[in-house]
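There are structures below to look over.
Each of the next two complexes has chain A plus one more chain, namely chain B in the first and chain C in the second.
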Partner chain A sequence: MKILVCIKQVPDMESRFRPNGEKTWYDESDLAFRMNEYDEYAVEQAVQLKEQLGGEPEITVLSIGPERTVEAIKKALAMGGDRAVHIRDDRYYQKDPWQIASMIASYAKGEGFDLIFTGMQSQDRGSAQVGVIVAELLGVSCATTLVGFSYDGGTITVKRELEGGIKGVAKLKLPALVTCQLGLNTPRYPTLPNIMKAKKKEIASLTAAELTGEAELTATAAIYPPAKKGGGLVLEGEIGAQVDRLMGILKEKTAVLR
Partner chain B sequence: MDFELSQDHKVLRDSVREFVEKEIKPIAMQIDEEHMIPDSLVNKMAEMGFLGSYLPEEYDGAGLDMLSYAIVVEEVSKACGSSGVLISAHTSLACGPIYTFGTEAQKKKWLPALNTGKVIGCFLLTEPDAGSDAGAISTTYRREGDEFVINGSKIFITNGGYRGTGVLFATSDKSLKHRGVSAFIIDLNSPGVEILKNEKKLGIRGSYTTAFALDSVRIPAENLLGQEGQGFKIAMDTLNGGRIGIASQALGIAEGAFERALAYSKERKQFDHPICELQAVQFKLADMYTRIETSKLMTYKAACLKDAKKNYTAESAMCKMLASEAATYVTKEAIQIHGGYGFICDYEVERMFRDAKITEIYEGTNEVQRVVISKILLS
Partner chain C sequence: MKALLIGEYRQGKLLDTTYELKAFADRLGADSVMLLVGSDSELPKYDGTLYLADAAKYGEYNPDQHKQLVLQAVEKENPDCIVFVHSSYGWDLAPRVAVALKAGQVSEIVALNEGAYEVNACNAKLRRTVTPKSGRCVLTIQAGAFTPSGEPQGTPQPERLELSGTASAIEFVGYEAAEQKGVDLSKAEVIVSAGRGVGKKDNVPVIAALASALGGELGASRPVVDAGWVDHSHQVGTTGQTVSPKLYVACGISGAIQHLAGMKKADFIVAINKDKDAPIGEIADVLVVADVMQFVPAFTAKCAR
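Moving on, here comes the complex of A and B:
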């Protein structure tokens, strides 16, 4: 079995975000980076499947981004990936989900992956489109927002998180692509011996130019922080009157008292 | 010159940090209160490879380098100084000398269990009357057939309470002073090894500090480490490397306290403003951070020199001295920034203040470090 895991390196959400000079992305000089959280669930699930199948599947990790992206790739390899492909692209942030997915699909097309794992969305851009577009371009079945996964004899059974707290169960035949959601598993820590072993694993390097001729379908016009909100509404006066006003606001503007 | 960590070291740092945040930070206060690191945490740290970080893979170590080891001890100590010194004493003072001075047979026999944390290592040098004057030890050994017979006592043995594997120093003749000292590998479950007590302490309370009586303990002759009479050299060389571990521990303690002080100074309001807007607090933060960064540079430099197999004696003494003094200074100021709250256990900086002090004392007092540095300057 050949497994592909698509990961992204994203800014740590505790970083300080400021628009860059072009006002189309963040100023990266202030940012710390880490593997996209949802992609960690994807890596973990792939490694668990490999373990379930006695180590037979080969796990390839793929990521698109600048030189620093290798840090996220190395983490995925230390978690249990076997080899990696780094698609070097310093202008990755200018590419829309269509272009990113086209690059991944054009790499994956000839490789014959049986199963592709990825996060359900990235924590920075959050479009949740790349996974499903890749599935469409490759013509494989697809299930999104996984909170449960099992594999048995060429079929995967997945539990999906739907809106309003409802879960759905789906069965898919391979080849397939799945996107992973919080709650699917607990990603393992890379251990020191595995970090050492990861150093010896192959990281193939491709350039974005080798993989995409697609033009963008959406372009980022501007990125800016939300306007500062006012300081909220402070109720004053006699306590009974305050309660009445609060009740009125809650009835009028929210669903909590209906 | 490049002061950036390599990608591999960043991956390592982030992985260790994640582990520490989830597995150690939440129980650091409990470790201090109960005077004990839970076995479950020791096992988890062992599984992570923290107990054999820079030892080669052929002896079941992780095969990483000294800088990786320094980063591990630093990150762990940010949350818990007790856990930091467990790793440091185990790796630098037990795995280290067995790897450096052991025969191939000794390495194969003792290192895999140590490197994977199945047994915890310790270093038995200090005695009631031999601290900084390590050549003055009076624990004796004598040869009897295929064995050495050891008699004497050892105190202040970090990790001693685990009764694992020790590197023990004893003399054939006290009048020979340091020339009479030899080193041995000892299984602390051997008959005649008695734990007198585990000390109660100001800080690093989760770490065992053990006093041993050694009453006619028989050690197989094959457990002699290095040559007879080479013990003092082995001890000094080992402590030389160990100082990088203690510097990393001190650095971590300082960073842990600084993170809390910085965060608190932004939250705490007095006179209608966060106290970080007061220059009195700002200057403290600047001084604290400067000392931390200076210590970090020297600690990493010492580790890199050791990795490059260059002489690092002065740097290891300087980093130990700088980082331990940064730790006592930064933790003290962290309490001051917290005001009365800093004096209360819940805010954790008081624990860090208590944990910091020992780093100025053990693995060579800072006075001894100054002797080491000035000797090099004047030699």
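Moving on, here comes the complex of A and C:
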């Protein structure tokens, strides 16, 4: 069995974000990057399936992005991926989901993957499109927002998370693509020996230009901080003073403290 | 401008979010027609053409066939945009339609800005305006962002849609009910919630102690539940419980839209976060900029006195 996992590297969401000079993206200086949280679940599920099948499947990890993306790829390899493809694209942020998905599909087309895992969405952009578009372009069946996954003899049974905590259960035959939701499993931390082993794994490098000539279908006109809708009172400073201020406010404004 | 609105139907019921699609079309100044894979007994209140396919035949979750049905309506109506709610139904189906039409998709629109669509980025710390480059586009709107101004009214003119084949790559098995609620947070007057910012499971009792000092219940954000620090019955948000206490205290919670959807109706909101820019600050009445593990024990001690 051949498995593909698509991962994106995103900035840490606790960072401060400033628009870049062109006002089309955020300024990347001073940002720390990590693997998209949803994609950690995708990697983990692939590795668990490989373990279930006695180590037979080969897991390829794919990521599109600039040089720094290799860090996220290495983490996925240390979690249990076998090999990786880095599609180098320094203008990745100017690509829309259609173009990103077209690149992935164009790479995957000749490879005959039985199962593809992606995150349900990215943390920075969150359009929840790339996985489904890849599936449609490859003509394989697809289910999104998985919180449950099991495999048995060429068929997967998935649990999709719906609003209000209800779940929808469905069966798909391979080849298939699934998008992973938070909580699908418990992503492992790479151990030191596995980090060392990952250093020897192959990371093939391709350039974006080799894969697609598709033009964008949407474009970012501008990026900016949201207008502050007022917001409330901000208490900064020393803990003791903050405690006293908050106590006073709650006594005055709510009926819960008397 | 003409919009094709894709209504939602689940477990034999029309979903209310369907009416947000019409509100969006009105804000856009667009004419609209609607499509629903549903049933005659649950028609939306809507003045206009309703393309209706029978859910008993085409399923409630059957994206391959629902895509074909949408494409049929597109063929008949030639709309400029096809609009979905950004929900488990919409985000699953919309990109399939977009690929078939080779149309650009703009996801989770929160507002309109002079003809362009506004969407959030980076956990709502940034906003983007996006413009489709394709003639026709697919749009998904954030649930709750475009609310109808009054009670929905009208009587649709149904037009039946049928497919010739019914083959599908996906076999829908059925629904699984939400987990039994161990605690009913909806009646709590005070809720103190733990988020990922509390750091580790061992710290959760510190948050629970504040909850009990205030005579309230412990709530939690999703990562805390996913990590097994707190039981799912305490989760607040779109995939947890919706609450409206007199006081909501968010400890180490960033304020993602899916969390806010569950607690923004609280009368008074206090957030404790080390990040002054955390989006929770937008809706909090008071944002305490501090380390939760320092502030909360100090505050609990003060309450206890």
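We adopt the following convention: the second predicted complex is superposed on the first by the 230 of 258 C-alpha atoms of A that agree within 3 Å, B and C clash if a C-alpha of one lies under 4 Å from a C-alpha of the other, contacts with A are read in each partner's own complex, and residues count from 1 in each chain.
Basically, a contact is a pair of C-beta atoms (placed from the backbone, for glycine too) under 8 Å apart; a residue touches a chain by one contact, two chains touch by 3 or more.
A quick note: this is a predicted structure, and the numbers were derived from the prediction, not measured.
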Which superposed partner A:144 touches (first chain B, second chain C, both, neither): second
Greater residue coverage of chain A in the superposed arrangement, chain B or chain C: C
Chain B versus chain C as contact partner of A:174, first or second or both or neither: neither
First, second, both or neither for A:1, with chain B first and chain C second: neither
First (chain B), second (chain C), both or neither touched by A:199: first
Partner chain in contact with A:157 - chain B first, chain C second, else both or neither: second
First, second, both or neither for A:189, with chain B first and chain C second: first
Set of chain A residues, in rising order, touched by both chain B and chain C: none
Touching residues (chain side chain C, partner chain A) in the complex: 10-11, 61, 63-64, 86-88, 91-92, 94-96, 98-100, 102-108, 116, 119-134, 137, 169-179, 189-190, 214-216, 222-223, 225-228, 232, 238-240, 246-247, 254, 267-270, 275-278, 281-290, 294-295, 298-299, 302-303
Touching residues (chain side chain A, partner chain C) in the complex: 11, 13-14, 16-17, 19, 26, 96-98, 120-121, 123-129, 132-133, 136-137, 141-145, 157, 159-173, 176, 182-183, 186, 215-226, 228-229, 231-236, 239-240, 242-244, 246-247, 249-250, 253-257
Residues of chain B defined as touching chain A within the complex: 7-8, 10-12, 14-15, 18-19, 47-50, 52-53, 57, 62-64, 68, 72
Residues of chain A that touch chain B when the two form their complex: 34, 68, 70-71, 74-75, 78, 189-196, 198-199
